[in-house]
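Letters A, B, C and D mark the chains as written, and numbering starts fresh at 1 in each.
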Amino acid sequence: MADNARPARPALLGQNQYGKAETRVVRITRDGATHHIKDLNVSVSLSGDMDEVHYSGSNANVLPTDTTKNTVYAFAKEYGIESAEQFGIRLARHFVTSQEPIHRARIRIEEYAWERIEHTGEGAHSFVRRGQETRLAQITYDGSSWEVVSGLKDLTVMNSTDSEFWGYAKDRYTTLKEAYDRVLATRVSGRWRFNWTGDEREMPDWDTSYRETKRHLLQAFAETYSLSLQQTLYQMGARIIDHRGEIDEVRFSLPNQHHFLVDLEPFGLENDTADAAVYFAADRPYGLIEATVLRDGCEAKIPADLTNL
Amino acid sequence: MADNARPARPALLGQNQYGKAETRVVRITRDGATHHIKDLNVSVSLSGDMDEVHYSGSNANVLPTDTTKNTVYAFAKEYGIESAEQFGIRLARHFVTSQEPIHRARIRIEEYAWERIEHTGEGAHSFVRRGQETRLAQITYDGSSWEVVSGLKDLTVMNSTDSEFWGYAKDRYTTLKEAYDRVLATRVSGRWRFNWTGDEREMPDWDTSYRETKRHLLQAFAETYSLSLQQTLYQMGARIIDHRGEIDEVRFSLPNQHHFLVDLEPFGLENDTADAAVYFAADRPYGLIEATVLRDGCEAKIPADLTNL
Amino acid sequence: MADNARPARPALLGQNQYGKAETRVVRITRDGATHHIKDLNVSVSLSGDMDEVHYSGSNANVLPTDTTKNTVYAFAKEYGIESAEQFGIRLARHFVTSQEPIHRARIRIEEYAWERIEHTGEGAHSFVRRGQETRLAQITYDGSSWEVVSGLKDLTVMNSTDSEFWGYAKDRYTTLKEAYDRVLATRVSGRWRFNWTGDEREMPDWDTSYRETKRHLLQAFAETYSLSLQQTLYQMGARIIDHRGEIDEVRFSLPNQHHFLVDLEPFGLENDTADAAVYFAADRPYGLIEATVLRDGCEAKIPADLTNL
Amino acid sequence: MADNARPARPALLGQNQYGKAETRVVRITRDGATHHIKDLNVSVSLSGDMDEVHYSGSNANVLPTDTTKNTVYAFAKEYGIESAEQFGIRLARHFVTSQEPIHRARIRIEEYAWERIEHTGEGAHSFVRRGQETRLAQITYDGSSWEVVSGLKDLTVMNSTDSEFWGYAKDRYTTLKEAYDRVLATRVSGRWRFNWTGDEREMPDWDTSYRETKRHLLQAFAETYSLSLQQTLYQMGARIIDHRGEIDEVRFSLPNQHHFLVDLEPFGLENDTADAAVYFAADRPYGLIEATVLRDGCEAKIPADLTNL
């Protein structure tokens, strides 16, 4: 900060970032009558030598957010979108290397998946949105080092058995009954950090990595006989660390979507799990289990709160 | 209405209905280690001899909404959930036949689909929510006749070509350029009414009907070379009427999810559809195309507005 | 429909409508340094001679939805926005009278209220959005007659006492305990239809009418000692009919936002209403009470379902 | 972590926290016929000696999330809710001091404001939800030191003039035209950290602090002639630092809710700001401006991302 920028008051500027959020870019590529879609929501955050714009309103160092939006569209045309991660890397490098006052760029991307509609007509240019999880990518570049964090949100999973919860601490406010066969359901929000940090190392194959990481977390969820959602969370993260050498850190935020056995005794009905059981799927409140799983010797960098509650 | 119920003021009671909305019931059935899920959101609406509760607050004719909720859970246990439609029929019949003051019951159901997580562990009791469309069913019974309307919402589809829009009316406020190769995308909201109206006729196979109806509407969307979204809508409805004899009426509400070609000329880039094109996916405003397609000779009964805008 | 338009298949076109939904228009008027805001969300729906666009894709009768959007903006500039209702009337008349194939126009408007930020600086051009209810207006014109329905949504109200619920019907699924002092809370969705139907009659003062109608419904909610939410609903509607001669019909959709007394006995605490009571505010399920209140001798025209559940 | 807990695999547990999220508690206090409401959404997050539950599923150290929910309700009854901050302090102290394995508690609270319905009936127990901003409080306690961060979200404000944007950096992707009289609108999300850190110091008056802080940020927004949203943000934060000695740090996340002047030239209309101007209120994309303002000499502790985009 130039001395003349510093205000004669006790209030000083701290960390700051700006950019255009949620630019919705769709790129359609034609291979004859066969088309391909990439459908992204791109948010750009830039930081750097930005004291003056805050203190005096001088925009001399400010590349407009409108320009960052234009850049997203132009790059989608010029360079294509091989993967969300590669697209983000290209954008981040551009902002940091082309604008001297910008020292750091963070690109966040949501990707929506489409699958083909099966039909007997000509061509292959009809699609239906999968609608399951949203794929996430975050790329941060400070001019020398890279951090890539991928992830997903809104992947809802359920085990209808093989889950227990007992042996917990009790105090005067504890009324919960121990459970030996319960439903375990959650809407997975996960992020995983790659150990790729620079241009000289070979990049992971981002799409393969995503597909396999999602497969591992789903299988770990399915195959873990669970004594607590924390245990399941750890198994999901550990399985990724075990199998995906390109990933050093995983963080999950898992709301425990409670399915309560309905009390049907007043109606002369036994609602146990022997044959068929009826549950009330509750909205709020819900348990919220959050943790990082880390490769031995690595440092945790993913922030604690993936959601705001 | 008893005469003594009628208030000595000019304000009279008109159509009314009440019940418990959005009871979230999940039923899990065990076939050994293989489990099956039905996941519903059930809303009950009852009408009948309800003047007194409005005029004087006497609840003598009011079965509490809490009871309608309990009934949903108890019936899920006692009778199972073969399909949303059959479950709704059972509920509607129960309320109308068991409570003298209740003359009409309407059951609305949302159904969420789950698919199995593929894994190598034992058992088949792990699921991931499909997350694509939400299946809908509405069952209405007045003591003598049935109306079943099924449908879906939030099924997002896109044709990346084979869509044009030109030759339209123009006035002094028209600036739109004609389009000869555009993206056509929409989030389908549809309802279809069955001609089954009573107990003596054989019921349709509700699940087969749903699966085939969805297939037909997707294929009609994909295979129609479109000159307007209205034309596509008609083809989607007509194909259902042509192929599904159990359905007499279809209504669609189709928001035109505009994908605008981004103007990249200022950056020296030609953004045409020859090879690869970049679009801005807009949120609001959006065209909204709504219409009924009807079997010749049948009467339209599905209300005009599937959404509230 | 021209005979040649009718398709050689059993599927015929029924009711249909189209237009641009959710055009977000903000108009700011300057009276020196004092500014005024109107902030609307306008949805246009047009109907008429539209068979060909559905059957063959001919757009000759179709004024583009893009044009209806442009018209909203142009009219906001040319004629101003005196009230949502008057703005809608102007738009509806324009579409029906200027485009021969269009026989009916329906304009739906949401209006967001802003209040001034109190401060000591110069000028009066700083605002904060009120954020309470959303005001609604719907104007329908078929070339000869008008229908104006105004309303509101998302007005959340609560009586913390003076509400009971007992004496209701019971069956084998009834477990609810009678309540003699409960919380009554709801998120009001209401619509009211004016008896103004044509140009020759003097229009109501729409803003005064809205303000007074909202006041009456709030006061009726507050002043009714309630034995059921249906009774409260009727009192709210009847008070409007009693006091607002320009209104012939009112419809409410009132979700019963249950506040359950928490059972604190396990902790040795008596949670009664004598002094201070603690409630769990539930999300789902909820009772849903819907009814029309009508001026004696008038016909009901507002559709039954204000919401889609 | 006990040595036997550490798994024989490279995946280790990192930061973790758990608890019940979004417990919706409403407390109604009676002062004769005058009632008072506190309406909160409380989320509890606990951390501590939790390795075993992740590694082996042993719940011995886990106080159930159900118990944390019960505690919220019981404390609301036993101790009342003077303010969100004091309620959170009481809860945090309880969890850390009563459960040996729990070393840190973080309580997040949303508070919804209600105002009285004016009416002529007896009593004062009828309320309407204000519906403007949501008040926020976060209390963190690690057994020795306290951190209290308060804030708000969804406070939407607009200046209809006194905002410019020009003199910015330009590159080949810049097309934005400079603006000398634009609308500046944003939906304020803010957090402010108190310098109160322990029991021995006198606590701030939380409600007065909230009311005054909100007033200062609104007035700074209104009274700043803005050359950039960053400048406005700094003024909002600096004014709080200047006037509220109990606050050391403020962070804002301000989406720039673009209001674009509509091009009405094609319709022969001049849409300038001289008299009355018509704007399109855009949804996405939007500029997102985020920064911390800090008291000189203090350390920043509020995380960078208040929202997840």
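Worth pointing out:
Going forward, contacts are C-beta pairs under 8 Å (C-beta built on N, C-alpha and C of every residue); 3 or more make two chains touch, one makes a residue touch a chain.
Nothing here was measured: the structure is a model prediction, and the numbers come from that model.
Counting C-beta pairs in contact across B-D and across A-B shows that the higher total falls to A-B. In a homomeric contact, the two copies may use the same or different surfaces; for subunit B and subunit C, over half of the interface residue numbers are shared, pointing to the same surface. Of all chains, C has its CA centroid at the greatest distance from the CA centroid of subunit A.
If each chain is reduced to the centroid of its CA atoms, subunit A and subunit B end up 31 Å from each other.
Centroids of subunit B and subunit C (each the mean of its C-alpha atoms) stand 22 Å apart. Subunit B and subunit D have Cα centroids lying 37 Å from one another. Among the residues of subunit C, those touching two or more other chains are numbered 24, 70, 74, 173, 175, 266-267, 283-284.
Chain contact summary for the complex, subunit A toward subunit C: residues 172-173, 175, 266-267, 283-284.
If you check the complex, the residues on subunit B that touch subunit A are 23-30, 35, 37, 39, 70, 73-74, 76-78, 80, 114, 117-121, 123, 125-133, 154-162, 183, 218-219, 221-223, 259, 262, 264, 266-267, 269, 271, 273-283. The touching residues of subunit A, when paired with subunit D in their complex, are 7, 9-24, 43, 45, 50, 53-67, 69-71, 74, 98-99, 101, 108, 165-171, 173-176, 226-228, 230-231, 233-234, 237-238, 241-242, 249, 251, 255-256, 284-296, 300, 303-309.
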